[in-house]
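In the two complexes that follow, chain A is the common piece, with chain B as its partner first and chain C second.
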Partner chain A sequence: MSLKPTIGMETHVELDTESKMFCSCKVVETDEPNISLCPTCLGLPGALPVPNKKAIEYIVMLSLGANCSITKEGMFHRKNYFYPDLPKNYQISQFDFPVGVEGSLEIVIEDNLHTVAIERVHMEEDTGKSIHLGSGRIDSATSTLLDFNRSGVPLVEVVTKPIISSAKMAVAYIEELRQLVIDLGISKGKLEKGNLRFDANISVAEEGSDELGVKVEIKNMNSLKSLEKAIDYEILRQTKMVQDKESIIQETRHWDENKQVTLSMRTKEGSADYRYFSDPDLPNMVINDEFIEISQNQIKETPEKKRKTLLDTGLSLSDSNYLDKGQRWLYELYLSTVKETGDCKSTFNFLTGELQGQMRKAEISELPQWVNSEKLASLINLFENNEISFTSAKDILAKLLIEDIDPKSFASDNNLIQSSDNDEIKALVTLVINENQDIVERLENPEDKLVGFLVGQVMKSSESKVNPGSVKEVLLKELFG
Partner chain B sequence: MNRNIPSISKLNNLFLDKELKPSELFEQVYENASFTESILHAHLELFHDEGLENSKKSDERFLKGESLGKLDGIPIAIKDNINVYGYKTTCSSKMLSNYVSPYDATVIGMLKETGSTFTGKTNLDEFAMGSSTENSAYGPTKNPWNPDYVPGGSSGGSAAVVSAGSAVASLGSDTGGSIRQPASFCGVVGFKPTYGTVSRFGLIAFASSLDQIGPITNTVDDARIIFDNIQGYDPKDATSIKPQYTEPKNKKLKIGIIKELMQEGVSEDSQNEVNKVTQLLENSGHEVLETSLPLTEMALSVYYLIAPAECSANLSRFDGVRFGLREPASGSYEMMNKTRAVGFGEEVKKRILLGTYALSAGYFDEYYGRALKVRSKIISDFQKAFDDFDFLISPTTPSPAFKFGEKTENPLEMYLSDLCTIPANLAGLPAISIPTGLSDNNMPLSIQLMGKPCSDYSLLDLAESIEDMVSFNHLPKITKGDNES
Partner chain C sequence: MTKDFNIDDISNLASIHLEEKEKLKLQKDLEIVLEHVDALKNIDVKDEKIDIHPLSKILDLREDESTPSLSHEDAMKNSPETKDGHFVVPPSIE
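Presenting the complex of A and B:
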């Protein structure tokens, strides 16, 4: 019996608005608890919610970016459940009329393009934060501390259809979604800050079966590494259970980072009854064509568009995706540099390999302002045209990162330009042959490893100022005719 | 004690003519309040010192000729489910016995601008759930006309203080009749404005889609003045509207008598008042015809699904975590459970359970979902009726005030006392109750007028002309009741 896993993702995205979703309190990023509060986000008696227009604009942008259709007359619902950090003991959310429906995101795995179908994109408010002292869990805590700074921060939930088939694919999907919210400018997209938090619904079923297996939800992860490990672990666990003819129960689990396993949190008997009903404090959310157009016009960039631009320069899909998901400046630098070099692969390799490597080593996160595409292109061209050695290119780059130099004049001023002058090379080659007669006698064919040794000797005697390619050419001609 | 309080306009003239000072008026109503409080228990708190201080500021303004308008120096009582900064807002619940509001409701902020003075917070049925104030955790309010009788509810305290002369006017809230029914039982004017014209921000919600703040006053003109000063769009309330008030097309009005509220279940006394007023209206040239709104009979059932459903969520925030009562316990959930078990009274618990049930999976469509559908039919029925009629008339209540305990054993009987008032809440209509006569046992009787949305001012005009025609000028003689002796 062959089993296939099916995964659906639910992702909460914290929007980067100035103020909270239903009041004018500032959204703050601080460890100091309870400093941005008002009667509304604290759920005091008599306080009322008023929707944040910017947040609605952002969710429309996200829905459009995820190729969804927009619900013209949406509704806010109350999702009822008791929890100490949920001030009203209901969360304002959306139920049967979410803002975005039926969308899709393109994702890249290695050199292949896949599509992930999006079921819905809806708006809600975040809860406060609980710190359960003593045990970390509400039911066994000695006491619980509450911080309501996060209470009422606008959240968007993006839900996929159950069509993801592996942990890798889930990771690629989150990377794409994260890049989308960053490129749209609607969220900081920092995973470590919990700007994106995801739940994975996982089931396994027999290959070829139309029905899905019993689903298990792994809740509240915010790292891609945990996501990948948790899904892989869960697929294995469920597969083993099916093979051992054990029945899987529908439940919520969490990923235990220390033990590297998923652990049961609670068992769901049927689905939880949140008693959703339309919030009488909030009129219907009317999103007209004009509002959609305004939101559409705010969209300057999406990862999908960026990837197309990169593919058009000749890069492979996986290289395009690498730059797409990288830092914005690198993407822009690549595009302007490749325009001047005309060589996508070497530009990509130099920028992502050498440049990023040296910056990491030198611990600089931002390029000095004099380092522009013109200088980098000229440097790339120098070694691509064999005018300087790769070692020299690396040295020049290192210099360029600390000093405003012109790579070309620096190369010639410092005698780094390699000679392709055949007479000079011939003289050096003759000298080396004469000095190494014992080796020359042992040579059997042009592929002999000792050829490389002799080329090295020529380079050494020239102090690396000649082009190694030309040296080899002349040497072989001398030796084998 | 001088129970005979002039109208707001007259008081304003007395202030302007320096014949009376606001602080003198304040002391007079405070004296009335102190004198009657032991009998009526209409207040949960009296604001003597700050009230007097405020009214003295009014004195100075009048002295300098800088008065802020008609409400300057007018003592107003506030129902204790409306937040006043720095004062307790208890909703007559144990749950909020220690709760001090850190902010003003929008209407309170607006009234403060007018220079009016707050006399205190008035008693109500817990969380505005009830029709008699018997559900107050702090004991019931008595009817000034006869303390053996209930003052109505839930704004029983607000109606009683106006009737007793302990304030010139008061604010109440009306979810299914909670302003009009007690106003009717206490022989004063009660006005529920169009839904959305007066901000709900700062009113502790019972049922958000039905709740509306409004005035309880001695005269229709007083109600108009208060309404004028508290109405208007509020950016803090998403259901608030920018009203465009309407006028009827002709001076000669067409008024409909709602047939379904003039039949069995409504006392002869109450029906007679409507007939009496009909006669007067016809005499002054208006056309009055019977009309049928068949779904009116469904209104009570619809209301008792929608209001509890909304309240079940609205009252979830009372959990002991951030404010109010907290019962000690060993864990968070146990604390919340205990707090809610101890903090809420029986009627509140009953409605939370009812609403939770109506919203539960498997029952939603049958109960809450169906109630919403009927509600929208009721709204369209009213729209059709207002194509034919400028206003609708009915009794305010099926019978005059009843005695304490009379209906506590039978909740359905109690719920029926809101039969005539609930439809206006379901449809968001403006409605007013004005006293028109006395029953055989000397308890006040009233009629109710309803108008289309945003006809508030013309509704008040019609009510005022009826007020002139019936000239109801009886006052309660406040004495201890039989049960007290």
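Presenting the complex of A and C:
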């Protein structure tokens, strides 16, 4: 029996606003607990929620960015539960009228484009943070400490349809969504800070079947690496259970980073158990055309648009996606540099390979002011036109990272310009042939690996001052006519 | 049709402990409530406009500006137990 996995992702995005979702408490990033609280976010009796306009603008931007339709007449619901991380005993969320519905995101896996259908984008509030005291194991804690600073911070939940078919695809989807919220400027999008938190709903079913298997929700994956590992593990676990004729129970499991397994947390509540009902404190929320237009006008960039701009320069889909998901300065530097070099591949390779590599090695996180696209393009053109060797290009770049130099003047002042003077090359070639007669005698054809060795010898004797392409040409002519 | 609910599930979700006697009484009461709700299903509403919220008022939004909150001391004042600036509650998962 062949089984196929089906995955649906639920992602929570913390919005980057000044104040909380339903009260004016400042959103704080601090280890000092319980310092940004008021009667509303503490759930004290009589306190009333008033929604944050900026957060609604942001969720409309995100919905539009994920190609969703906007629900113009929506509302908030209460999701009831008894965990202590929200002291009201309910979370204000949205149920049957989410802000965004029926959207999609394009994702890139290697050099292929896929589409992930988005089911809904809804607004809610974040919970407080719980610290479990005791043996360190979540299920044997002796007491729980609560910090409500995060309670009430605007949170958007983005839910995909169950159509993701592998861990790799789930990771590419999260990368795309993360880039979208960063490009829209609505969230810091830092996974390590919990700005983006994701759960995966996984099931396996027989290949070709229209029905999905029993769904298991996986929580506690706080990096893309753990997301990938947890999904792969869970698919294997469920596949084995089905093959062994064991029944899978609908439950929530958490990813144990130390043991690298998923462990059962609790039997999953069904939607009915949350007893959703419309929040009587919050009347209908109307999102009119004017509001949508204002939000739309704030969208300056999306990863999809950036990718198209990069593809237009001639780059492959996977290279475009690499720059799309990388740091902003590198994306901008590539676009301005390629304009001057006109060579997408060598510009991409030099900036992402050599430049980033040297910056990492020298522990430089920001380019010095004087390193601009003009200088980098001039350097790339120098070696692409065979005026300098790649080794010299690397040396010049290293110098440029610490000193304001002009690559071209530096190359000529330091005698790095390669000679294409055939007489000079011919003299060197003759010398190398004479000194390596034993090798010359073993040569069988122009493709022989030993040709490369002889070219290397000529380069060595010239101290890399001659153009290797011209050397090979002259050498082959001398040897094979 | 909706009478087959489980009173134990409901008391569990509401975090309310019920004695056997109370369970029997509430079972009967809730069955009557559900019968009333069932009666609503017989009303023909197909030509009615959907009212998604009991209030017709439109939600007011506020600008994204922060104002000073309660002091840490005031926020913690009603808590029976605190530790290192945190509220302490019985162990709970999730």
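We adopt the following convention: the second predicted complex is superposed on the first by the 468 of 481 C-alpha atoms of A that agree within 3 Å, B and C clash if a C-alpha of one lies under 4 Å from a C-alpha of the other, contacts with A are read in each partner's own complex, and residues count from 1 in each chain.
Assume a residue touches a chain if its C-beta (ideal position, glycine included) is under 8 Å from a C-beta of that chain, and two chains touch if they have at least 3 such contacts.
Treat the numbers as computed from the prediction; the structure is a model and nothing was measured.
Applying the stated contact rule after C-alpha superposition, one finds that A:K88 touches chain B and leaves chain C untouched. Of the two partner chains placed by superposition, chain B and chain C are both touched by A:P283. When the two structures are aligned on the shared chain, A:R78 is found in touch with chain B, with no touch to chain C. Judged by the touch definition given at the top, the superposed model places A:M265 against chain C, while chain B stays out of reach. Using the contact criterion defined above for the overlaid structures, shared-chain residue A:R275 touches chain B and also reaches chain C.
More residues of chain A lie in touch with C than with the remaining chain of the pair chain B and chain C.
With both structures placed on the common chain, the touch criterion links A:L401 to neither chain B nor chain C.
In the superposition on chain A, A:G46 contacts chain B only, with no contact to chain C. The interface of chain A with chain B overlaps its interface with chain C at residues 39, 42, 50-51, 80, 82, 84, 138-139, 141, 144, 146, 273, 275, 280, 282-283. For chain B in complex with chain A, the residues that touch the partner chain are 81-83, 89, 91, 96, 99, 101-103, 105, 200-205, 207-209, 235-239, 309-310, 312-313, 316-319, 321-323, 331-333, 336, 356, 359-361, 364, 368. Residues 13, 15, 52-67, 69-70, 72, 75-76, 83-94 of chain C touch chain A in their complex. Taken in their complex, chain A has these residues touching chain B: 39, 42-51, 78, 80, 82, 84, 87-90, 138-139, 141, 144, 146, 271, 273, 275, 277, 280-283. Within the complex formed with chain C, the chain A residues making contact are 17-19, 24-27, 32-39, 42, 50-56, 73, 75, 80, 82-85, 97, 130-134, 138-139, 141-148, 265-266, 273, 275, 278, 280, 282-286.
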